[in-house]
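Order as written gives the chain letters A, B, C, D, E and F; numbering starts at 1 within each chain.
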């Protein structure tokens, strides 16, 4: 308990969390501080490239074991499963329509790569190692949740989902973030330690600083969303936004234990299961379920769950992983 | 005298000044070299974040003393006072209308954060330390001048100033640069030396290089402004653009001496008093005094005073501060 | 032969080439991965500034010799000559009109600065030094080819070329890339080793990493161009896109040998002669020869020759330069 | 295809006044509009470009607003005071719109 | 100066649907259009802005398409199904064009 | 509300020709126009997009110009030679403007 609190305090006072808080505060105070769209996108491309590359290079270094495949399979299964739990929970505790509940559920089965990046930064700061291929698991968990959500609608009949046509499927599997993450992972793997050494002053040294600026921008976007969303999201939905990551994290922990992951790997599996998408899935929902209300799913994933994970969630998951796996 | 000349020469041949000169030359030669707006804005966000953070971290390191409050108060007073002097001078030596003179005066009471950044870079290169909280003084000096200018108009009756309504007031106090500067200052203060160590490869190491590219862009903008302004600005107004910073710097030096600042702190107080705004104040003027001519105040602040300070002013101020405070 | 193969293999598996390949693959797979225009432009400004500055600083370090002038003169001559060879070859082996053949020829006489940057990165990775002024040669070789191409049209009568008026001439000579390259070269030269030391953490350390991201974007653009161009470019034109760089490189090698350049300098002279422009010349062609088909010249220069040089060409040129000059 | 009459109002306005204008539109029940960036231009106050700028002071936006013809006068009454002392232009064209239930 | 009648169709559409729309235009022989960025706006689904965004999910484009008047109905038949369930608006104005051989 | 007749001319033009066009406009006394970025499009010379581009060679702008109706012919005479050999389109719509003293 003590460790959790001190971990949380240490996390809350780190530059990256404070930068996020600054963004939220500036947005709520209606400051005109903002990042141009192109700069925000540039930083996200940088973060994806760096995290993928470093993951791949660490595999090259430590070699692949059977766990890689097993972890990928388990990640995909979690991503299929979590939306069903989320959907049930939403239909029980909130009054969301089938359509909106399914759309929200898709977000929680998928993952937030920035939460993953923040999680791995915190692990590194604490000197806790983790399996490099967790980046690949992250990529594998992006898409399956979308299929689950569309299946839920076809079963529960909440409206007419533009069926999962081949075009949409390809668009989801080949969306920019996944391609960049997997691609740079592969490059890191192929070029290994030497490749890393060549570009380390670009992808390792300034990484945390870029993450600060990026989270500052995320804070601005989240804060503006919160200010704007106002009535769109009920109190019960907000409860969901905090409870669901805890359920996800528990399943993630159990899976990690079954897989025999390290403490760091387990913490990241929890982070992935607990986090909710706000890049890939919203875009897919605009195509597949245009009638679902974006204000609901963006507010929950970006305005509630993302800050929760960033501030309290991650230190909690790290502490639990240490206790269960490390102990 | 010798030191001043050698300092000026050394300054004039530094990469940051030469980058600015390259920009001016390219613009005057009508080259199509240019930076996209988003990139320029991204660099300015980076510089503000870095300078604020480093200022805060240095406070965490050296602790706060009574001077901090005193310096802030004196800074605010200078920002209120300087526009009145500038206004008097403009009405005496130029033929500007009350409206235009007041608008120009507002710029000279406020500060240019890039000039401040350049000043602190030059101090660092010469191994001269300064009070970390000068960043906070810079932020405090941004806004008061605007109030002075509006007051001048209401007294001198030069036209109908859209009164300083609450909306405009909040907009000025919460403009992006101030919020980012104060916010990152606070983050640097809270996270201190450790926080700085974490993101130093991002905010310290590449800082000067980014400043070069940014000043290259500033040179392009200033050069284009000069080429375009043509007749808009009279010879006498240009004299004002060189004399006013010297007056400001003198008052800054006197204030620093009263406050007991270090040589570096005194030099920066001079830089702040001598510099003229070209981001926050022009935006405020477009709202509060839309009839004032932007060509006049932008040409003077960005085309005359900014290059003057950057090339000759700063080394002069450093030399004077050394002579008066250090001697 | 052995060295060539191992050099090529080593090159093909470097992060920068793999990043380019990732971009091409993502584009062909129709992924929505893309870089905002402003970010791409920002990276290209960074690369130009860095490469120019480092070239200038290395001159300041090693001093100028008679070779500098000689190399510039030879470079300009090559740039005038190569379009004539290219034009003859195109008219012999393809069915391109005089107009299109001249437009393509202009591209091959001019140079690709990114290919030059990639070449110098590869040399550095192999510890092979080169003359710093090769950057200046690169800048000198950008424009003459355009004049050759317009001359070819006026002689061969392939349509009405909007004569080389003074406006267009100035636009070409003062285009952003040339000005930035020459300007930062001058700054590097003036500020020398000390200037370099000041901004080295910005222009040297992260350089390769930025180059990776930039080549990723180039891959995306090249891949999309290839996918789109489809029928626009015949098989014979593609043969030209591979043979012409080999001819150019041979002439570059001969020139380097005459000039007495080092192995690295010779390799870079080959790279310059072999590479085809895709920034400055296409823009000039849109003004001077608007009826020439951009799909042809962009596909050949960016879609065929650029990848060829990047993957197989450069290691081949380095190996040949080592054999001929070094042996 | 059923089409309905509408007016297309295009307001070129200083960026610094943009939020004031759109706030006013929303306050007065005009909740539909789109804002397009303007990269440069020329007018009585000279020529300008946004390249390399960092300040919002120089720069304009185009606010495009489709409304029912009968609401045009109300809208103009609302927006004119904001524009009055500022640079920029307003133009109105007759347009047809689909899906009129949205206006 | 010879001018020809044309229709100017301006479609404000979600960015995520843009490619689908333009693919459809090309498939149906409407090979001329321009896409302009939209930086923000407001409609029935609230106000939004692209500042600081990284996802394509929120954000719109303006697709401007000039066609011969007689092709308007065909065009609308083609694009309406794409827009139907999505947010956004379409407006059509009468225009004159030069160089009609291009359409 | 007093409104005045005007013409709204919208010229989609290659970015590389933009400065030539606007210089000509100013030279011929047409000192009011706005330039909007165009992010992509399609025409007889194929489809294109500015994403990830670094060169000005591919890319277009929309120059919007409001003028008094009686000046339209003069304006067209001036700009057509610039556009003639280049890709791009021009459309003209009838518009009403406020504050006619500005034109």
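Details
Rule of thumb we're sticking to: a contact is a pair of C-beta atoms (placed from the backbone, for glycine too) under 8 Å apart; a residue touches a chain by one contact, two chains touch by 3 or more.
Note that the coordinates shown come from a computational prediction; the quantities given were computed from them, not determined experimentally.
Common neighbours of subunit C and subunit D under the contact definition above: B, F. Because subunit B and subunit C share one sequence, their contact can be compared position by position; here under half of the interface residue numbers appear on both sides. Looking at A-C alongside D-E, one finds more C-beta pairs in contact between the chains of A-C.
The mean-CA centres of subunit B and subunit E are about 45 angstrom from one another, to the nearest whole unit.
The mean-CA centres of subunit B and subunit F are about 38 angstrom from one another, to the nearest whole unit.
Centre-to-centre spacing of subunit B and subunit D amounts to 34 Å, using the average Cα coordinate of each chain.
In subunit A, the residues that touch at least two other chains are 32, 34-39, 41-42, 201, 205-206.
In subunit F, 36-37, 47, 49, 56, 93-94 are the positions where the chain touches two or more neighbouring chains simultaneously. Every pair of chains meeting the touch criterion is listed here: A-B, A-C, A-E, B-C, B-D, C-F, D-E, D-F, E-F. In the complex of the two chains, the subunit F residues touching subunit D come out as 1, 3, 6, 8, 22, 25-26, 31-37, 61, 64, 66, 93-99, 102. Residues 13-15, 18-19, 22, 25-26, 29-39, 42, 125, 201, 205-210, 212-213, 216 of subunit C are the ones that touch subunit A when the two sit in their complex. Residues of subunit A touching subunit C in their complex: 36-39, 41-42, 45-46, 49, 53, 170-171, 174-176, 179-180, 183-184, 186-187, 190-191, 195, 198-199, 201-203, 205-206. Here subunit D touches subunit B in the complex through residues 14, 16-17, 20, 45-47, 49-58, 85-87, going by the rule given at the top.
Taken together, the subunit A residues at the contact with subunit E in this complex read 34-37, 40-41, 44, 162, 167, 217, 220-221, 224, 228, 278-279, 282-283, 285-287, 290-291, 293-295, 298.
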